[in-house]
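Two complexes come next, and they have one chain in common, chain A, joined by chain B in the first and chain C in the second.
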Partner chain A sequence: MLTVNSIVVAYSAAPVLREVSLDVSAGEIVSLIGANGAGKTTLMKTLSGLLACIRGTITFGDRNLTTLSPAEIVRAGISQVPEGRRVFREMSVQENLEMGAYSRHHGADIAGELTEIFSIFPILRERRGQLAETLSGGEQQMLAIGRALMAKPKLLLLDEPSMGLAPKMVARIFEVIAEIRRRGTTVFLVEQNAAMALHYSDRAYVIETGRILMAGPSKDLAGNPRVAAAYLGKH
Partner chain B sequence: MTARHKGWFIFVVLALAVVPKLGTNPYALHVLSLVGIYAIVTMGLNLVFGYTGQISLGHAAYFAVGAYTSGILTLQLGAPFAVGMIAAVALAVVLGLLVGIPSLKLEGSYLAMATIGFGEIVKMLLVNWEHVTGGPAGISRIPHPGILGFTFNTADAKFYLILTFSAVAWLLYANLLMSHYGTRFIAVRDSAKAAAGMGIDVRRTKIQAFVFSTAYAGMAGALYAHLNRYIAPDAFHLGESINFLLIVVVGGMGTLLGPLMGSAIIVYLRESLLVLKDYNMLIFGLILMVLMVFMPRGLVGSAQLLVSKWRRRRA
Partner chain C sequence: MLEAIQQAATGLAIGSVYALVALAFSVTVRALNQINFATGELFMLGAYLGITLTATIGFPFWVAVIATAIAVSVIGVLFEKIAYRPLFRANAGHPGRLHILIICSTIGTSIFLQNAAMLIWGAQALPFPKVFDPEPFRFQGIVIPVEYFWVTGVAMVLMGALNVFLQGTWIGKGLRAAAQDRETAALMGVSLPAADSWTFGVSAGIGAVGGLLIGAMSFAYPTMGAAFVLKGFTAAIMGGLGSIRGAIVGGFLLGLAESLVIAFISSVYKDVVAFALLLVFLQFRPTGLLLKPVQTRV
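Coming up: the complex of A and B.
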C-alpha cells in the first residue's frame, strides 16, 4: 500500500534520512522505533508532504506522493496524528472532529462518521461540547486520533501516540489503535515506547541516525538481544 | 447566522439609526461615525490577528491608501464617490497581495517588522510625492460623498452613510466567520501544523485573511477621507497601526463583536480625554493597563467568560 524507496531528506545541507526504505501493506500495523533524533518525525513530515525528499520515491497505491501537497495527500487517503497531539485548543471537541473532515467535500456523511468515532471513543461523546484545551492529555490524544479518522483515511499515520501519557492511558491508546485496524484502517506509527509498539504491531523497523538498521516481524524484533538491550531496557 | 443573531443585528442597526433623530449634536455624530470607520478597519484586522493569529503593524498604511486614493480621485479628477471607493478598495487589495504573499512566509516578530516596513514606505511616499499627495500638508477640501445625485453634506447624512457601510461590512465578516469556510482561520491560529494535516492550505488561508483585512482598511480609509474632508500623513503613522491592534485586543481578540466594542471605547476615550491636554496619553495608558489587567480577554471575551461561568453555575 505504502512504499518508501530509498529516500534522502535533509535540513539545509545535513541529511537526516539516508536512503530509508520501508513498506506497509493494507491491513497491517507497522511501527518504526528509534531514539530521539533518529529521524522518526522527519519521516512522518515527509510522508505527510510537509518536507520534500532530495532523492527516492514514496508511492501510495499507484500514486506518487513525492510531488503532492499536504492537502492532496490527505485527499489521497493518508491522515496523520501529529506529534504532541495539536488539537485546536479553542474549538469544541465536536468542532475539532468536524475540522478533520475538512478535506472531504460538502454533504459527505459527517454525522455517520461522528457516530462511528463516538463508538470508538465514548468519552468524546460525553465531552463533545467542551473546549479541547480543557481535556486531559489522554483525551486530547483520542481527539487527535478521532479527528484524523474523520477524513476516512485508508492509512493512518501516528507520530508518538504515547508521548506524555500515563502508562494506563498508553495501554488504552494502543488498544484503540488495534481497534482502528480491526475496523479496516491500516496504521503506521513511530514510537519511542518500543515495548508497546512491538507488542501491538505486526512488523517493525528500527531506525538509528537516519538509517533503517533492522526490520522484521515485531515478535522477532522484541526477542532480538540488540533491540532488547537498546530499546527495551533489558540486559 | 441564526435568527437570534439576525434579530439582534436588526435591533442594533435600528437603534443606531434613531440616534440622529434624538437631537444629537453634530460633534457626537462625528465621533460615532469615527467609531464606525474604526470598526470596519478592526473587523478586518481581527480576522488576521484575532482569528488567524498573524500580526500586522502596517494597517495604517492600507487605511492611508484608501483615504488618499479616494481623496485624490474625487478632488483632482472629479470622480464620483463610488469610483473613489471602488478604486480605494481595489488598490488596497493589490497592495495587500503584494505585501501579504511574501511577508506571510514570516511569523511573529519578523512579520511585525515586515509590516512596519511597509507602513514606513507608504508614509514616506505620502510625505515626499508632493505633487500627488500634497506632501506633509496633505489634501484638504475633499468633496462630500455623493451617491446618485444625493450629497451627504451634513453630519446626519454622513452618519447614515457610514452606518450602512459598517453594517454591511459586519454582515460579510460575521457570515464568513460563522461559515464552514471560516473555521479554517481558527484552525491555522490554533495549530498551523494540524491544520495542514487536515488538508487546509495554511499559506493561502493566511493570505486570504490578510487581503480581506486590507480591503476593509481601504474601504474605511475612503470613508475617513470623505468624513473628515482633510487628510495628512500625520494621521497614518505607526501609532495608528498600533491603535488598530489595541482596539482588537481591548474589544476581545477572536470575538465577532470585539472590534465594535473596542472601537467604541477607544475612540470615545481618545476624544473625551482630549480635555486633559498634555496628560491625556498618561490617563489613556493607565485606563488601558487597568482594562488589560482585569479583562485580559478584552471586553467581549471577558463578558463571554462571565456569561458561560454564570450558566454553568445555574446548570
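Coming up: the complex of A and C.
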C-alpha cells in the first residue's frame, strides 16, 4: 500500500534520513521505533508532504506521492496525528473535528464520521463545545486521533501517540489503535515506547540516526537481544 | 453635554475607520506574524478609488464601497504573490531575516503606491463628491452629518461580514486554522499559499474601505496613509495586535477618546491622545486589552 524507496531528506546541510526504505501493506499495523533525534518525525513529515525528499520515491497504491502537496496527500487517503497532538487550541472540539474533514471540502456530509468518532471516544461528545485547550493531555490525543480519522484515511500515521501520557491512557490509546485497524484503516506509527509499539503492531522497523537498522515481525524484534537492550530497557 | 454627544458621534465614525485599519494590520499579524507597512497606501488607494468610482463613473456609494474592496483585495493578492511569497519561500527557515526583508518589501511597496497615486490623481488633495444629503441629521439641538452614519454603518457591516467569513465559511475556517498552526493546518489539507493570498487580500480590502470612508468624511491625498496608519496601529496595539475583536474594540476606544478630548479639553490635543495611548500601552500592556498578557503559542 505504502512503499518508501531509498529516500534522503535533509533540513539544511547533513541528511537526516539516509536511504530509508520501508513498506506498509493494507490492513497492517506497522511501527517504527527509535531514540530521540533518530529521524522519526522527519519521516512522518515527509510522508505527509511537509518536507521534500532530495532523492528516492514514496508511492501509495499506484500514486507517486513524492511531488504532491500536503493537501493532495490527505485527499489521496493518508492523514496524520502529529507529534505533540497539535490540536487547534482556540477552536472547540467540534471545530477541530470539522477541520479534520477539511480536505473533503465543504458540504461534505460528516455526520456519519462524527457519530463513529463519538462512539470510539464518548468523552469527545461530552466536550464537543469546549475549547480544545481546556482538554487534558489524553483527551487532546483522542481529539487529534479523531480529527485525523475525520479525513476518512486509508492509512493513518501516528507520531508518538503515547508521548507524555499516563500508563493507563497509553494503554487506552493503543487499544483504540487496534480498534481503528479492525474498522479497516491501515496504521503506521512511530514510537519511543517500544514495548507498547511492538506489542500492538504486526511488523516493525528500527531506525537509528536516519537509517533503518532492523526490520521484521514485531514479536521477533521484541525477542531480539539488541532491541531488548537498546529499546526495552532489558540488560 | 450636547457637545459631548456630538463629539461622540464623530468619535464613533472616526473610531470605526481606525478599527478597520487596525483590522487590516491584525489580519496579517495574526496569520503570518508580519506587519504590512503598505497598509496606509492601500488605505489611500481606497480613498482615491472611492472618489473615482463615485465622481467619474457615477456609482452609488455602496456599490463604490464593494467595488473598491474587491479591487484593492486583488492588489493585496498580487502584492502577496510578487512581494511576499518569493521572500517567504527563500527564507522559510530564517524568521528573523524574513521579518527584515518583509519590512523592506512592504515599505518599498508603500513608496511605489504613493508615487503611483501621485501620477494618476495628482499631488493635491481631492475632495469627495457630494453623494450624501447635505442636510445633517438634527435631534434636540444635536447636529450630525449624514455621512457619519454611513461611515459607521458600512464599517460595522464589513466587520460583521469578516466575522461570518472567518467563522462560517470553508475558506475562513482554513484561515483560522492556519493562523493557529500552519503546519497542522497543512496536514488537514489547507493550502498555505492560498491561505496567504487570502490573508493579504482580506487585509488590503478592509484597509481600503477604511480609506474610502475617511475620504467620504474629508478628502484624499497621496500621503494620507501615514496619519491614519499610526492611529490604526495604536488601536490595534490597544486591543491586542493580532486580535480581531481587539482591533475593533481598540478602534472605537481610540475614536471615542479623541472625541472626548476635543469636547472637554481642546482639539489641539487630539493627536496627542493616540501617541500617548500608544506609549502607555507599549510600556504597560503591550499585549493589549484582549490578549492574555503572556501568550503561549506552541
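Here is the rule we use: the second predicted complex is superposed on the first by the 235 of 235 C-alpha atoms of A that agree within 3 Å, B and C clash if a C-alpha of one lies under 4 Å from a C-alpha of the other, contacts with A are read in each partner's own complex, and residues count from 1 in each chain.
In this text, contacts are C-beta pairs under 8 Å (C-beta built on N, C-alpha and C of every residue); 3 or more make two chains touch, one makes a residue touch a chain.
Given the structure is predicted, the values throughout are model-derived calculations rather than measurements.
Novice: Answer with clash or fit: chain B and chain C placed together on chain A by superposition.
Specialist: Once chain A is superposed (C-alpha atoms), there is a clash between chain B and chain C.
Novice: After the superposition on A, what does A:Ser162 contact: first (chain B), second (chain C), both or neither?
Specialist: In the superposition, A:Ser162 touches no partner, neither chain B nor chain C.
Novice: Could you say whether A:Asn193 touches chain B, chain C, both of them, or neither, answering first, second, both or neither?
Specialist: neither
Novice: So, A:Met99: does it touch chain B (first), chain C (second), both, or neither?
Specialist: It touches chain B and chain C both.
Novice: Just checking: does A:Tyr11 make contact with chain B only, chain C only, both, or neither of them? Give me first, second, both or neither.
Specialist: second
Novice: Check whether A:Pro70 is in contact with chain B, with chain C, with both or with neither, and answer first, second, both or neither.
Specialist: After superposing on A, A:Pro70 lies in contact with both chain B and chain C.
Novice: First (chain B), second (chain C), both or neither: which does A:Met91 touch?
Specialist: After superposing on A, A:Met91 lies in contact with both chain B and chain C.
Novice: Output the chain A positions appearing in both contact lists, the one against chain B and the one against chain C.
Specialist: 48, 50, 69-71, 74-75, 79-80, 82, 86, 88-91, 95, 98-100, 102-103, 106, 147, 151
Novice: Please give the residue numbers of chain A that touch chain C in the complex, ascending.
Specialist: The contact residues of chain A facing chain C are 11-12, 48-50, 69-71, 74-75, 79-80, 82, 84, 86, 88-91, 95, 98-100, 102-103, 105-106, 147, 151.
Novice: For chain C, which residues are in contact with chain A within the complex?
Specialist: Contacts found on chain C: 93, 169-170, 173-174, 176-177, 180-181, 183-191, 298.
Novice: Name, in rising order, each residue of chain B that touches chain A in their complex.
Specialist: 180, 183-184, 186-187, 189-191, 193-201, 254
Novice: Going by the contact rule set out above, which residues of chain A touch chain B in the complex?
Specialist: Result: residues 48, 50, 69-71, 74-75, 79-80, 82, 86-91, 95, 98-100, 102-103, 106, 144, 147-148, 151 of chain A touch chain B.
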